[in-house]
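Listed below are the structures to be examined.
Across the two complexes that follow, chain A remains constant while its partner is chain B and subsequently chain C.
Up next is the complex of A and B:
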């Protein structure tokens, strides 16, 4: 799919790189964790192609946690984080249970979910926020939603989207150092945002000439 | 005095932005490399006065490239140009011998400040 030129993809990749770098720094302020970053990859595809893409890119996980958060504005879409299911327990250990008693009113599963929602909110929210800042716009967010499921059923991840809609996959794989945790972050950008996004990417590049 | 600058970054856009932000009136000779290994090779062939080093790169990352260059030339002047602004990343690259860190995206003012600091450091040597 040649919706974006190579140069547009390169600009998007650099914007994504900066945004995710900022997001991980925000996460490091909340928990004592170091995120090992990898080079982000940009791909454009139809929503209908996503389940196959996930199967190829998310391997080694049997069950997953999926967090998604919608955002609106000139730049609209959804941000997704996918983690292996066992991340929940590791994150609870990292965060600590604080004042919460996992044995009474806050069962461990609920605590896991709350912590994952917070991590997702920071990573997706900070990342989208930085993209919006760099592209000189602002976005509003819905609260993040966390759900668990079988890794084999990727079609369910995108069942609410029009299969002909375009997905811009801005994928970055990351690892939490010393904790054997890795995950995948990606965005599906709404069709309505694409023309705005293309123009804004060039405006961003030109802003350095000023 | 800074004459030769090497920009090591896998992103062509990041390299373009860096070149755009460098002052045009100082006559810098600019070389580029697209990953850490190429950065080491270019360092050896170009012998730059200043190297801007991205940290997250394919093949060889900026940490390892900085470490290798500092082994070859302990006086190498390397500025980490990175979007990874986690405190531990910054501590790590500084411990490996980077002179300072330039947060991405660079701004002309912050870049000029760094260039002045590097000039001062080179003059004092």
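Up next is the complex of A and C:
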């Protein structure tokens, strides 16, 4: 079983800090809103331990919006974005005004979902994109999927994964500054990319020794 | 060579833009639908031909793709379409323009830098039309075109919860056409259907946009009045009763006149559920019927 040494974790932590820092700067430029991303917390665990992990980390929300998006390439896995359900309306106010016309074909519910997809796509893309950039690789994304429901049954979040696999979990809390909108962002790195990740972390480190 | 042939053969629209929104490639599919030949558009800004794309959401996505190298997905549900092309293959649908599902993504040079952005356009008019049809079937009453009972029951729960949460006034009106059986027996069921249709038209024309008017069953109708206290609902109902009483409908060579009885209930402290609100309106309607019809009773 592949495990991450403490040193590897430290480098990853550093890469994440820089990547999320870059993402914050670019997000401000792209969406005109300053997004505060907390220092990511990294943990290595088995997929089977994930539901308990989520349960511990997502509390205080009764009903949630969940968005997940797969990415693949050398660096592959999934991004999960979790918002308390009532935040959807604020998101529509923040992103949906102006150009978008909620016509009769677009009842509010579906508008909320579509806005969430767009925002989620940008957040996941920014973070994953910046990690990939630092590690000198490219990733491809599947369209994000949004669903809403009661905040329970986290086993379903990971049912597409092999429960014996190891995953690297990266958690960050993000907040749209001055807009009282915040949520959780998790990334699960698939086992297939762990070997590659280790190697590129050292490559990344070496690039500073030259 | 092979790829450029495929580029022009695929059944999706593909446009490639440079960093400054100038068109770099424009495939055959797009030429055919837009009637803009590629030699005319290549090298020019996409906004010159499609000014409606010059909007913040488009810039936001374009910048996202340029900065993060990710993809942006534009569902038909939110955007309906990117490029205004006439809908051609869905004759019966209500769509004037082709409904599109679009994807935007990066194209990199050999140094991995993002040089271009592509947009792929898929025609989803047919699917959108089916979806619209399904929504209609699910929420509309087939005969009258107003909302059906299923939709009403969902809506009353939502409105009830919302008004209770914010402590806002909310009223429900139950309406029943008087002696409807007589109309059916005298003039036939087709005339009965005609009366139901005309009645809903009359009411629909006299209520606010935010009000929800639904056929509850048979000749019984329900009207949800958001942000309306019982006393105001009484005025609304009285007005409707008066309009119906004064209206006359021509069926063949007969003038048909009828009246309606209405019962009202309002959201107050004692009302525990949406169902109870409905029951109270029904009880008020029963009273209106009992005391002579063509009447409005507030519970």
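Operating definition for what follows: the second predicted complex is superposed on the first by the 192 of 210 C-alpha atoms of A that agree within 3 Å, B and C clash if a C-alpha of one lies under 4 Å from a C-alpha of the other, contacts with A are read in each partner's own complex, and residues count from 1 in each chain.
The rule we apply is simple: a contact is a pair of C-beta atoms (placed from the backbone, for glycine too) under 8 Å apart; a residue touches a chain by one contact, two chains touch by 3 or more.
Since this is a predicted model, take the numbers as computed values, not measurements.
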Chain B versus chain C as contact partner of A:24, first or second or both or neither: first
Comparing the two partners chain B and chain C, which touches a greater set of residues in chain A: C
Partner chain(s) touched by A:126 [first = chain B, second = chain C, both, neither]: second
Contacts of A:39 with chain B and chain C, given as first, second, both or neither: first
Touched partner set for A:10, first chain B, second chain C, both or neither: first
Which superposed partner A:141 touches (first chain B, second chain C, both, neither): second
First (chain B), second (chain C), both or neither touched by A:209: first
Chain B to chain A touching residues, read off their complex: 10-14, 16-17, 20-21, 56-58, 82-89, 104-105, 108
Touch list for chain A against partner chain B, complex: 7, 10-11, 13-14, 17-22, 24-25, 28, 34-35, 37-39, 134, 205, 208-209
Residues of chain C touching chain A in the complex: 55-57, 60-61, 63-64, 67-73, 75, 77-80, 103, 108, 112, 132
List of chain A residues in touch with chain C within their complex: 23, 26, 29-31, 98-100, 103, 105-106, 110-111, 113-115, 117-118, 121-122, 124-126, 128-130, 132-133, 136, 138-141, 143-144
